[in-house]
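What follows are several structures.
Two complexes are shown next, each including chain A; its partner changes from chain B in the first to chain C in the second.
On to the complex of A and B.
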């Protein structure tokens, strides 16, 4: 199926508004959208939304970490492995609605590479602690990132938060049975987070004029932008990933300026992950198992939602049948 | 005995319509703590080799929480495809496609039932013409012969037999059933009756959900 394209009028309107530093959703150019994070019942599952979940202007990303035992790579005999798989579900956008499963094509490859560079190549996960027997057996961590909705753009940013949260939430089993020893959390050295900056050319002045920069672009802005920079930065202001896409020239000072902005975002995201993780752990320790999970993640007072409490539906005598 | 007390209880239901912006209809549905997200496109353009002159082409894509799509998912897709094909008025939309995408989020018993109910709600949100609605409930039987309606994973650990029934809303007939384990005739009838009672509560829930969605428009009139 084909997507509904953005019309020329919509494009022009968006660019004209940006010229006056106005955005379609009412944000200022350096402002981000609210980010929501929920953990599932199974350890190692996370659901992240960017934008407004009470309307349909939200992107949704689901990530799940799982572990299995595998043989290590010959070149790295004492290290565990981290594999990342990104899939655009059919519900992400009409162009992905294909039962044969193109699984997202180029866009999925871009997000996969970004996540690999951000999480794997920054060595944020302590892979040596995943070794069981050198050269023979290591833990292989599989991270599945499913993009459920791309309606609000910012998929890479949301995917990195979901992936990181899933890794932080995950507990791998010890090599003994689970009944004998509790599963252990993964050792994470630092928390790198992706943030996207969209660049737009000014229409009236020449190409040398300073570009308009939007933080956390929406889907419409992503369609119109001249190019983007994606940073992977951790709260210690260390740049782990730098990805430049589109046709644009950028000055060195611009890169450094936005790297600083990105690190502030990383700090707030890591705080969010740690707070939610703490809350989740508390609930699990207190045995409030009915309050954990995605079931009521987006519950709020909206006419688009409906809740029905548990109910006895039958009084028939159905014993000893 | 706590198991018996809650034997015929339907767990809490939750639905949020229109969560996925790029789809024509979508829902986040949860049955107890089993949660699933479903998005529907349609009636939309169809690929030429899948085109049918007599009706809409139905496609289902059910993704596992992790890993590649396996046989279990394919089996559920086949059940869902049959259900959607038999309940929508496909002949109104020949040479089009109806695409259903499902993603289970949390699994706590009754996964197939939750997927079926989510599909029906998403089709309703999508406003596709249907000849009937459908609702599904899982029932299990324990060794000492107690029928459990809509059990959670924990409750179902003692089950020796499992069944998932799908009912339609017009005549309350069975549209589909999936059985596991041994069911005696008497137990089967008892389970069927319990599931039918459960499905009525779900149909009522569908009605309330759609009524809420259009509550502003209804107030205007």
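On to the complex of A and C.
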């Protein structure tokens, strides 16, 4: 299946609307879409959706962490390893499929690199605690990130949340006979979260004019934007990743300003992960096994439902429209 | 294309006035009266002497005016399905996006499994020398001339008299958005008050494609976005709810 191309009319309309600080989904430019996060029954699995979760205009990311024993790298004999693999699922990647037919293409590479920089190179995971025998055996954590749908854009942001949640949810076996000790959670030093800011050139004024900035761009906005900045920031306002793409020149002060915004987002995401994790742990302790996992989440009509319940239109947020 | 069929009178028990019933693929359709000539629309197929359902949805029917002809069909039966993938049908108006120029034709995406072709000559006043002024990425409102299961769909932007009749490249702004196909059928139904109610208070231009795409243009960006949202959310509303929603929307736009 091919994807619907974005027409010239839509591009122009989008830019016109942004010129008036209006977005097609009724958000204001600094407003994010709500994220939905669910943990699976298996420890180390997480599903994140962004966008209109009631319909199929959502981006959906599934992350799964797993562990195996491997030999450490010669240069780092007492450290465990974290490997990140991003896969665009065939149905998500219709528009990304390149001539060779590999799903994802450049975008998959970009998301992989962003996640590696955000999670691996920021050293948020305590790798030394994953050492079993120095120079011989360490835990190798494999993080599989599956992009199930990219219809709403914001894939990197959602993927980073899913990946982080999966790591936080994961428990590796303890190296003594399993019957004697419970599996242990990974030690996470800090929680870096990606957030994307799309930049648009103003149409009427010159090139020096201040650019229009959109937080959490949709797929359409990603097609039209002049460029973007992706921050990986943790709630302590430490920048772990800074990624600039597209053709744009921006000021240092702009970067700092949006880094601050990104850290607020990181804070809310980490709160979300911790709350959900707490809830999940409580349910597991209480033995409410039927309330754990994606199947329960599906039942709650919260994700991936292809039905829209009849509802009255809310005009509360029409100021933005 | 609807297929005409004649039912075996022996095997079907006639039921009086079929109400809207939910059917799933493989279901028999006992509602179709025996020995009647009827038209089977989308979602129904003739299997031997019986009609069976091929798509899940709501079974609908419409009686046709009686005719003196012996074999004139008495009713149309079809299944109303929630669908997003458009299946081309001859004679329907669609909104497409031009993907590329290929020789003397445009390749146009209309949401079908393969792109449709639109000849350079299928525009009003087009000649070999006078080519239409359309570029890849432009949006066209066109009619399906050929829609066959085994061939690529073909579009035209002129009617039988060579006039454009509202078709052609949609230009001058506006916005295109996509809805499920049944929303389009609802919008175009004579019973639906949505466009009329909205039009009473907000002036707008609209082109509705049977492939689920709608083009709207209002005076301002704000109105256009509101209108597009209003049409999208009206999917499951009845006429009273639509009127209430429109009133609210208009008030909100006016600043009350």
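What we mean here is this: the second predicted complex is superposed on the first by the 285 of 321 C-alpha atoms of A that agree within 3 Å, B and C clash if a C-alpha of one lies under 4 Å from a C-alpha of the other, contacts with A are read in each partner's own complex, and residues count from 1 in each chain.
As a working rule, a residue touches a chain if its C-beta (ideal position, glycine included) is under 8 Å from a C-beta of that chain, and two chains touch if they have at least 3 such contacts.
Source: prediction; values computed, not measured.
Q: Using the touch definition from the top, say if A:58 reaches chain B (first), chain C (second), both or neither.
A: It touches chain B, and chain C stays clear.
Q: Touch test for A:7: chain B only (first), chain C only (second), both, or neither?
A: Touch status of A:7: second partner only.
Q: Between chain B (first) and chain C (second), which, if any, makes contact with A:142: first, second, both or neither?
A: first
Q: So, A:286: does it touch chain B (first), chain C (second), both, or neither?
A: So A:286 meets neither chain B nor chain C here.
Q: Is chain A touched at more residues by chain B or by chain C?
A: Partner touching more chain A residues in the overlay: B.
Q: Who does A:296 touch here: chain B (first), chain C (second), both, or neither?
A: A:296 contacts chain B only, not chain C.
Q: Based on the superposed arrangement, let me know which partner A:47 touches: chain B (first), chain C (second), both, or neither?
A: The first partner, chain B, only.
Q: Just to be sure I read the superposition right, which of the two partners does A:74 touch: chain B = first, chain C = second, or both, or neither?
A: So A:74 meets neither chain B nor chain C here.
Q: So chain A touches chain B in one structure and chain C in the other; where do those two contact lists coincide?
A: In chain A, residues 1-2, 56, 306, 308-313, 315, 318, 321 are touched by chain B and also by chain C.
Q: Which positions of chain A touch chain B when the two form their complex?
A: Against chain B, chain A makes touches at 1-3, 40-42, 45, 47, 53, 55-58, 60, 62, 64, 66, 87, 89-94, 97-99, 101, 142, 144, 146, 148-152, 290, 293-299, 302-316, 318-321.
Q: Taking the complex as given, what residues does chain A use to touch chain C?
A: 1-2, 4-13, 16-17, 20, 22, 24, 26, 56, 306, 308-313, 315, 318, 321
Q: Can you tell me which positions in chain C touch chain A when the two form their complex?
A: That would be residues 82, 84, 97, 99, 109, 111, 113, 135, 137-139, 170-171, 173-176, 178, 215, 221-222, 224-226, 228-230, 233, 235-237, 241, 244-245, 248-249, 251-253 of chain C.
Q: Spell out the residues on chain B that touch chain A in their complex, using ranges where they run on.
A: Residues of chain B touching chain A: 4, 7-23, 26, 28, 30, 32-35, 37-39, 41, 44-45, 59-61, 63, 65-67, 69, 97, 99, 101, 103, 105-108, 141, 144-147, 149, 184, 186-187, 190-191, 193-194, 197-198, 200-201, 205, 208-209, 212-213, 215-216.
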